[in-house]
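For reference, the structure discussed in these notes is given below.
Note that the chains are named A, B, C and D in the order they appear, and that numbering of residues resets to 1 at the start of each chain.
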Amino acid sequence: MVGNIVLNIQNVDKTFGGLQALSNVNMQIEEGKIHAIIGPNGAGKSTLLNVCIGRLEPTSGTVRFDGEIITGKAPYEINQAGVVRVFQTPEIFPELTILENVMIPALAKRDGAFSFNPFKSMSDETDIFKEAELVLEDMGLIDQMYDHSGSMSRGDKRRLELAMGLVQRPRLLLLDEPTAGMSRADTNATIETLIRIKERGMTKVIIEHDMHVVFSLADKISVLAQGAIIAEGAPDEIRGNPKVQEAYLGGAH
Amino acid sequence: MSKKVSQPNGWTRRSVLKTGLGTAAMAGAPMFFVRNAHAFTNDPSSGSTVTLGFNVPQTGAYADEGADELRAYQLAVKHLNGEGDGGMMNTMQPSSLKGNGILGKKVEYVTGDTQTKSDAARASAKRMIEKDGAIMITGGSSSGVAVAVQSLCQEAGVIFMAGLTHSNDTTGKDRRKYGFRHFFNTEMSGAALGPVLESSFGNDRTAYHLTADYTWGWSQEGSIKKYTEALGWKTNAAVRTPLGAGDFSQYITPVLNSGADVLVLNHYGKDMVNSLTQAVQFGLRDKQVNGKDFQIVVPLFSRLMAQGAGENIKGIYGSTNWNWSLTDEGSQAFVKSFGAEYGFPPSQAAHTCYVQTLLYANAIEAAGTFNPCGVIEVLEGFKFDGMGNGATEYRAEDHQCFKDVLVVQGNESPSSQFDLLKIVEVTPRAKVEYSPTMEGYAGDLGECVA
Amino acid sequence: MDAIFLQTLNGLDKGGAYALIALGLTLVFGTLGVVNFAHGALFMLGAFCAVTFQKILTLSKKVKDESITFFDAYKEIPYLEIWFGDTGAAIIDWAVPLSILMAIPVMLLIGLIMERGLIQYFYKRTHAEQILVTFGLAIVIQEIIKSFFGANPIPTPAPDVIAGSANIGSWIGLSDSLVYPYWRMIYLLFALAVIGAVFAFLQFTTFGMVVRAGMADRETVALLGINVERRFTIVFGIAAIVAGLAGVMYTPILPPDYHIGMDFLVLSFVVVVVGGMGSLPGAVAAGFLLGILQSFASMNEVKSIFPGIDQIIIYLVAVVILLVRPRGLLGRKGVMED
Amino acid sequence: MNFFKLSPRDALLMVVFAAVVLLAPIWMKPFGAAYPDLLQKFAIFGLFAIGFNILFGLTGYLSFGHAAFLGIGSYTTVWTFKLLSMNPIPAVIFGTLVAGLFAVLIGFVSLRRTGIYFSILTLAFAQMCYNLAYSVLTPITNGETGLRVLRDDPMLLDKALGVVQEGSPIGSFFGINMRGYPAFYFCAVILIIGFFISLRIFRSPFGLKLRAIKSNQNRMRYTGFNTRPYLLWAFVISGMYAGMAGSMLAVTDPLAGAERMQWTASGEVVLMTILGGVGTLIGPMLGAVLIKYFENIFSAFNESALHDMFSFLPSWLETVMVTVVHPFVGEGWHLTLGSLFMVIVIFLPGGLVEGATRLFKRRKSDGVTNKNSGSEN
């Protein structure tokens, strides 16, 4: 039983100079599911995400979101369409407070790509404030929300990064190793959060190294090695797949 | 700041406050006088001193010239207050000066930096008028600044005695009732240079002009063209160069092939030092064109600029308003006084500024009032002598001084470090006079209101 | 034809000067990441090295001019001439080229003092603050020079034998009016030599290799246990020497005054940016490009078609190039883009 | 309190600011700065810097060509005087709008690049404006001499309404001549309005987005924002501030000169902003006041004035003091300015406002969490 396809990656190739980063990748992401992409270092996972959010243009192939081609569109258009990425190395606004960091994406969701409202006051934006507060509460950042984000710990920055993605309530959330660099406790907290928000009907694609995370979250797993998909299926199918084991043991150094 | 007795009253003469808005806003602000029939800006009658405003370039390219102007002003103030040897006060004819200040009031002064920019110069002049209570503004070393400050002084009802400004416009189409210029202008330079160029270089010459691309440059180019073409010279080209170009080589190379045999550099200050140095470097003066020696002419000279150009100035013709080597009684008295005070001779800018200050003070004494309208009346058509340029007249129609003009040549073998310019000819006043309504020169003085 | 030839030569000459003046600036950008608004002041200090050297050589016995009684007027005879006769006069004549010997150690010292005493504390500060502090420094240096030497330009002629111009036309069998000043040709050669030396130094020495690696990725090089800081200090010293030499050699072309550095500041920034931030070859290419275009834009034939084009050509070219090539001619991504 | 939709703290700031500006003629007196022209300059350049800060302080884009808009504002204003009316209202409106128009064009092109490449593009445009205005555009700008209003100019609107002025033409606000203190108050009111607008922009979502662009423009794109129009708006707004400041220069003194557009003038507003504190609300204003104060007051001290000033000291000490101080004032005022730049940036990182905030914080440190980002003061 296949649900509604949200993201449809079709025959995507990407070469850098002579290097084949992605070769003929096909992937369908179902609505409301958590889809994990795993694979050894340099398998092309991040490249694939970058193609999906418009940071890179594929050499050939298309990516469709809700049936519409999004390859070649500007990153902000893709975001506005409902595809949001959570970055691996935190890409936050270090000069702003934690609260402001979360209000910015909330404003993007409400105002669209551009709106000129120099005479509105931020202190009147109670809706935005409440949304941000809610997400920060979820992420356990509420106590420090008036602090500068630049001086946070790396783990906190990762959680802030996640909060920034969640506050936009995207149709599709792309998570690039959401728990990398986190302590065990933080990782567990993050997994719990992700499970908790699973019910909200947000589709997610997760790139993850931590198999514990993958197997406790994912509905479906795709395995990428050397730019190609070598296996796809439910967690249990992947666990025992010899090809995957080979890729992990033989492909990675 | 100098101690001031009279309260500065701002630009009050013609300002009439009609609405309550202004009055309300004025609460607590310095008293705002309403015009009355006899008041004029910064009337010093009630105090014991009178303040003059010396507005000279203290930073930028003309800072040395400005410093020299300031020295001359300080000397003039000394002399007016009866200190020192009196300088040209002893030679000025006729003179009403008494050596006890002006109308018995001690002369004080304030200074400011024009930066050789119109905006800065006007801001500085306004400060002197609004804050320091200056009754007269003088100084400057470029025409743009002179014209800008002159029109400001007209609005403020304060007399402006121009310093170094050579453009025709200052007393031409931008002339003002409150503005007076002692310095000569491009028209006079042309008229004086013409005959000398003719006798030195003949009638069959082709000139190539390099002209600073702004008002003064055009004014000078026009005047020199007019007088050289009258001699039968041809003008090969007149090329405009950007102000402060620094390197003029790209404008000099075309001269080499142009077929011209005279290069006229309508540049002043740093531009002139640079373009002359580079033109000489290009070997222009060693060239033979059309069977004649190639020549360079710099219509406006000053000793300070000659210093900057060094060897390159030698043998080059130009004109100047005054030079310290003049031997008349007035010049000698001034050079002596200035030299004793500062240890070196005054520049032409210093001379003009000194003379302007004395002339202004003298006009007040003669008029018996500080009221600018009275002073203007005396200055208009004022004839005097003994100030270094022979018999001189402030023409009433345009407030331009008419006097002898010096044609000079860079000294080939200077006898001292100051002996840079050799006087070739003193062109008599009659030869440089022209009509105040000449085409392109006519202007409107406006009225004196007080 | 002659005119075109001359203008091309003139353009190359200008270009050489522009490249040399901008070289140190782009070096400092590329290595230290510092926006140095005091670069013009370094150029000016170099020029005043020549002035000072000339002043020292011409320390003079003063013979009073007795005909003048109002003030002391002297005819000055330099001691060098009194002591050594014609040899002394010849030394004085060669003051500007000789002053290079003085300029190199002096400028190095100034560069090191500047970097250690001030610039090093601003590596991690914002560009805005770098601008403010170096601009303030430039003004202070300027004012100090002004208080010693006045505001008037000071003549610093080239040696007599090469003060005039060479008849290139007769050398290569073209028209006689094809002349060009010796000194300007020397300047061009000198510029090429200095540029070449800097390139060779960066290309072929270990020191240069480390510096180039540091330009590309400072942190990695530091991780290798190499003291990048100290090398960067020396780079700043080299930049100061290059700027200073550009200034020394320029004095016969442009009699220096205290403001000469400010006059070249904007130009050198434009050259560096058009070439691409931190790119040495870029700065050289941009210098020559702008020099030649400026030369041609000043021709009467061109000016009659586009009035005033010579006034704006440099800026116009800068705009066009930056729109066509986002990081200038040879700029690298990510340098000074934020 | 809901004072123009300001938070209580901002409302207080606004009231204090307005009071300080309006009472400047009184409290500036001990500093020797209480005369109309300098007060006007404070207000005008304060407005210029406040506007510049909306671009530079909020987005981090450093324009080196904002003086062009100042100049364009001035020229447009003088032309409006010449053609229409001596009333400053249409003149200021046209000046601001035309400057805004140029800002759209220049900004549209320049904003295609970032960092120093952007700076040089703006510099190039401004220098082109300056060079052309000084020379070949003289028929429009009157070149070196500067554009002035002449008595025989058409002034169509004034003629139609029968408004006649005696003497040389001067801006006239419904009968109040725009010189002296009335002109200062005119500038002061515009400055206060300008400051209010700037405050509102700082506190608006728009302002927050601009600050986020400064912090991490790339992230903004992936967060769903099209940053280009935001930047263009910021550029145009600050260009209009510059145009308005230029207009007011021409209103208080109807002469527009090209040198107003030179790179040094663009550099001056950059220095003002950095000196006071980039991205702070009142910093640019402070910087503008400080620089203009030095330019006008320090340059005016001459030796005799110094002797007067120190005359209360014993004469030997007086001589010593005069000798020590003299190189820094009068013709040496640049030296003071240069040293001031260095001292402030070395000892007060972030400029006057931020530096002062830090000093203040250090004194009462004890780990009190400040709930405001440092850039909001």
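In this text, a residue touches a chain if its C-beta (ideal position, glycine included) is under 8 Å from a C-beta of that chain, and two chains touch if they have at least 3 such contacts.
Computed from a predicted model, the values in this text were never measured in an experiment.
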Innermost chain by mean C-alpha position: D
Cα-centroid distance, chain C relative to chain D, in whole angstrom: 34
Chain centre separation (chain A, chain C; CA means) in Å: 52
Separation of mean Cα positions, chain B and chain A [Å, integer]: 74
Interchain centroid distance [CA atoms averaged], chain B/chain C, Å: 35
For chain B, residues contacting two or more additional chains: 63, 67, 213, 240, 242
Of all residues in chain A, the ones touching two or more other chains: none
Where chain D touches two or more other chains at once, by residue number: 131, 134-136, 334
Pairs of chains satisfying the touch condition: A-D, B-C, B-D, C-D
Residue ranges of chain C in contact with chain D within the complex: 35, 118, 121, 125-129, 131-133, 135-140, 142-144, 147, 266, 269-270, 273-274, 277, 307-308, 311-312, 315-316, 318-319, 322-323, 326-328, 336-338
Complex contact set, residues of chain D against chain A: 5-7, 197, 200-201, 203-209, 211-212, 214-216, 218-227, 229-230, 233, 237, 369, 371-373, 375
Contact footprint of chain D on chain B as seen in their complex: 1-3, 8, 10-12, 14-19, 21-22, 25-26, 28-30, 32, 58-59, 63, 66-67, 70, 108-113, 117-120, 122-124, 126-127, 130-132, 143-144, 147-148, 151-152, 154-155, 169, 174, 213-216, 240, 242-243, 444, 446-447, 449
Residues of chain D that touch chain C when the two form their complex: 56, 60, 62, 109, 112-117, 120-121, 123-125, 127-128, 131-132, 134-137, 217, 263, 267, 270-271, 274-275, 278, 327, 332, 334-335, 337-342, 344-346, 349-350
Contact set on chain A toward chain D in their complex: 53, 55, 74-76, 79-80, 84-85, 87, 91-97, 100, 103-105, 107-109, 111-125, 128, 146-148, 164, 168
